[in-house]
Amino acid sequence: MKVVIGVVGNDVHVVANRLIDISLEERGFEVFNLGVNTYLEEFMDAVIETDADVLLISSLNGEAEGWCRDLRILKSQYDFKNVTFMIGGNLGVGEMDPQLLVPKFEAYGFDLVFHQIDLNVGLDRLEAFLEARA
Amino acid sequence: MSLLQRERDIIVRNEYVDRFDFDEIEEFIRGASKDLFISRTFKTADKMLVQPRGGFPTYEKVFALYKDFKEAGVDVLPLTIDSNTRLNDYATAKKMLALSEENDVDMLNGYPLITHGYRTTRKMITHFNTPVSLRHGTPDARLLIETALASGIFEIEGGPITYLLPYSKNFPMDKAFLYWKYVERVCAKYSKLNEPINRESFGPLSATLQPPAIVIVIQILEMLLSLEEGVKSFSVSFSQSGSMIQDIVTSNVIKKLSRKYADRFGHTDAMIHLVYHQWMGAFPYNKEYSDSLITTSTVIAAMVGADKIITKTRNEAFGIPTKEANAMAVACVQYTLGMLGGIPKVEDKEEEENLTNEVDEILEAVFNEEADTLWRQVFNAIKKGYIEIPFSPHIINANEVITIRDPQSNIRILKKGKLPISDKSFAFERSKIKLAQGERVVDKIIQDIGIML
Amino acid sequence: MSLLQRERDIIVRNEYVDRFDFDEIEEFIRGASKDLFISRTFKTADKMLVQPRGGFPTYEKVFALYKDFKEAGVDVLPLTIDSNTRLNDYATAKKMLALSEENDVDMLNGYPLITHGYRTTRKMITHFNTPVSLRHGTPDARLLIETALASGIFEIEGGPITYLLPYSKNFPMDKAFLYWKYVERVCAKYSKLNEPINRESFGPLSATLQPPAIVIVIQILEMLLSLEEGVKSFSVSFSQSGSMIQDIVTSNVIKKLSRKYADRFGHTDAMIHLVYHQWMGAFPYNKEYSDSLITTSTVIAAMVGADKIITKTRNEAFGIPTKEANAMAVACVQYTLGMLGGIPKVEDKEEEENLTNEVDEILEAVFNEEADTLWRQVFNAIKKGYIEIPFSPHIINANEVITIRDPQSNIRILKKGKLPISDKSFAFERSKIKLAQGERVVDKIIQDIGIML
Amino acid sequence: MKVVIGVVGNDVHVVANRLIDISLEERGFEVFNLGVNTYLEEFMDAVIETDADVLLISSLNGEAEGWCRDLRILKSQYDFKNVTFMIGGNLGVGEMDPQLLVPKFEAYGFDLVFHQIDLNVGLDRLEAFLEARA
């Protein structure tokens, strides 16, 4: 399975990104890491280019919403039916109610949304999701 | 007209900037209240100065924040800049400020200083008549610093390495050096008018398993690059490592070596201060634990003998702190410093000797680089991987050094990459590391990053 | 039947007590879970044990308190006794317990152990299967301790000096010695059946400007009086002084001297532990500051290398803490101990030498007293003022010693009264004191008591 | 002016008591200190015996209420018209609302009631009270 990962927007928080890279490799995924400061269009290009099964976006600095709003539009322009869209990290500015954040990002077109959830919990959920889908 | 002044005239001519009146600004700085200069407060205060972080989009919210900070007994006020301004995207900053003002929601994660301008901002700074420290993270901070100084902000954080390697993915490093040279020169120029402008380096770097040797090397190099341009008051800094003794050792060595190298380069008249950052890594999601962490940092800062401490808040794991949480942290840190008595002077000769050797060894390699200027030597050293920081997002960073914690939580170098440290120094590092039978380095790293969780 | 057993039979025959079945109790202790014995936990744990204070009138409320403590990660549970029971006024305790149970208000400031009885209490103790420490303050604790041990409480705090001088106005001191002798003997007897019962002395005393020399002298004397009767596991203790270095010096000296004197008196097989009390003096009225104080105490406890820490709460200045505040303190202390790394081993040779001399000098005077037993020597020493504690309410206390803080917050002896310390030791104390020009001692004392406010 | 002071009930908190003693002397009062563990009857006897102008009771351990309830009865038995009755310290168990405590102790017959108020503030108020009365 191929996974494109990276940190969206003007966000330089690289630590979780490195750990996600390692953890995915260990779980047997093939990882394409775009690193920090990646824009949504770059993610889409990479998914198409690598024919990835999963797009895993991180956002830590609170600006996720501004950068991900347009996902639905971008998704509609290509055939991403078999791609799982996933986002996690710290998805709001200040202290947020996860109950409100999750539906918002689902509406943007994410299949799996994790606000302040440990990466291993998230990756377990991803594997379960992929299994159920298969 | 000097070359510098010509560059300055160009820099400040910008559609988002009101006319810069350099004469008036010089006049203002010449006559500015001594209380605005942290370089002077360092001399007169007989306590560790306490400074939080913080900034909001609107003037009113920053004013309210400062008011709370003052009530909490703050010594130094912060002005944290929003990320659009940091990236010199003044158009977006302007738009977002307007939205923030209209809708009473924060659409920026800091204060858009360029957009507000120095005339407005100066009103606030002089009103509170307290030193303000500029916190940004901008590689090209020329206009920002002109505006800050004109506003009465007389401490400027950052530097060509420390605001680049942890904060940027691909901003060109040579440009960063040149833009910061400009900043140093302007600071040096204004330093002659009244008390000196203070420059501060950002020692926490990526705040993730940073080995003290690298931190100190970078602190000393940014200090030398600054003093070289005529700056007379400089603060080196580092952040809590997770090991009390490692912080003490780092402090003892950085104090000794920053003075030594400043003197060796002929800057015997420069004042050097030490700043301690409370834990800069991942905070626990439990606010009471965060309070405990903040107090523990404060006690360590006292043992370290810092001149200034920069505080965190109980909201750190969640997001930008409320002004209340921020002020509370200031009050608690002041309380703790006030009641702490009988701080012992601690040292660890063996550790200090090893750390001193490592720093000397790396600096020697830098100074041996073939290049006409110090900044080019540093530039080459970073390109060659003589200096690199773990967990930098920047493409120029070598990413070969691996660090983990020893059983006392000290950060140790497991893989030295291209760091030009001697076999003896490296053997010392390695000798402290104890990996449990079958323990994988990755797991150890994850655990070592998360020690405060 | 032994004399002791005859006394025991009389003690436990009391209209407020259900029949004591000594055979069954022996059987219970012999077979009791090892996890109930703190003497064993001290051996097996590789961390500082954390113990709060706390007790409520009803069984249900103590049960709920213990549940919260366990969730907060407590290592040792407390059982604090109400003040009627402390004064052996079981009738009032019974009445107030009934009222508390009926009306769901606390009419007692602790758990009336005699009234509940050992059969009931044992259910709770064995249910939580965690060491419990008995906190009281009772000069005649004979029945209380019988009941505690029968309940499965295998650590007993107190002693003839430390539960008298700070806690009583005119309870006869000779009686206190004899009643505690009984307690030691019962503890010693039961210590042979399973793991040893641990006895702990109460080092904080009146918690107000106590000079370390006096604290250590009293700790060692109570230890010797206990070991003399056959107790094999003993904890000496002291509380945060307000000066980090003074706490470290006190710790280094008390560890060394308690072992030395235990050995000298032939108790080489006795285990000696060190307990550190978080600040026992007046707490600030600000709860966040109290949290800071609690964390600071915890960091100092780690530097001191205590085996157990006894915690305070953010409610201290206000009144008996809620179980939530109490459990929160436990969780925060555990968090702090867990994340603290790289604690340096600190010493101060000069201070340690002086403190050692003072303790040796006072103890020598005690041991030189003409008397047939150790307790009589101690009794005489206190009557003569060789030993006294500042701010004791007890009529026997000499009240001549005056202590104030030096500029590093160390507590120093300003007037030595009848303390038999040498001129050299006293000169050392005096040399540290700096009174400002015209400063009055009373004002200094008031200020020095209130350093945490 | 003569003041009888002490700590009421089974309360051994002696520190404030010592400080009050010193402070009153400094302010020129003649002090009779009964110390800790003093019962209401003992206070009354001392006031009569010394012909005191002020009775100043401390209570710290939270048990004041139980010990002071009977003040009104005791006061009614003697002529205490010119005696000022004052109490201070920590007047309740647990965290208390001073708004409720003060009227309660006034009803028991105290002229001046101070819950968790600094002793110097209290003594200033006493002097003002005595002046106003004179």
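Letters A, B, C and D mark the chains as written, and numbering starts fresh at 1 in each.
Everything that follows uses one rule, which is that a contact is a pair of C-beta atoms (placed from the backbone, for glycine too) under 8 Å apart; a residue touches a chain by one contact, two chains touch by 3 or more.
All figures in this text were calculated on a predicted structure; none of them were measured in a lab.
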(request) Kindly list the shared contact partners of subunit A and subunit B, in label order. (result) none
(message) Quick check: how many Å separate the C-alpha centres of subunit C and subunit D?
(response) 31
(request) Could you give the separation in Å between the centres of subunit B and subunit C, each centre being the mean of its C-alpha atoms? (result) 46
(message) Nearest whole angstrom, what separates the Cα centre of subunit A from the Cα centre of subunit D?
(response) 69
(request) Could you tell me the distance, in whole angstrom, between the mean C-alpha positions of subunit A and subunit C? (result) 56
(request) Specify, in ascending order, the residues of subunit D that touch 2 or more different other chains. (result) none
(request) Counting only chain pairs that touch, give me the topology of the graph as line, ring, star, complete or other. (result) line
(request) All pairs of touching chains, please: list them by chain label. (result) A-B, B-C, C-D
(request) Mind listing the subunit D positions that touch subunit C in their complex? (result) 10, 12, 14-15, 18-19, 22, 26, 35-37, 61-63, 90, 92-96, 116
(request) In the complex, go through subunit B and note every residue touching subunit A. (result) 83, 87, 106, 109, 166-170, 206, 208, 282, 285, 315, 317-320, 322, 391-393, 442, 446, 449
(message) Considering only the defined contacts, which subunit C positions touch subunit B in the complex?
(response) 241-248, 284, 286, 288-289, 291-293, 295-296, 298-300, 328, 331-332, 335-336, 339-344, 346, 348, 405, 408-410, 451-452
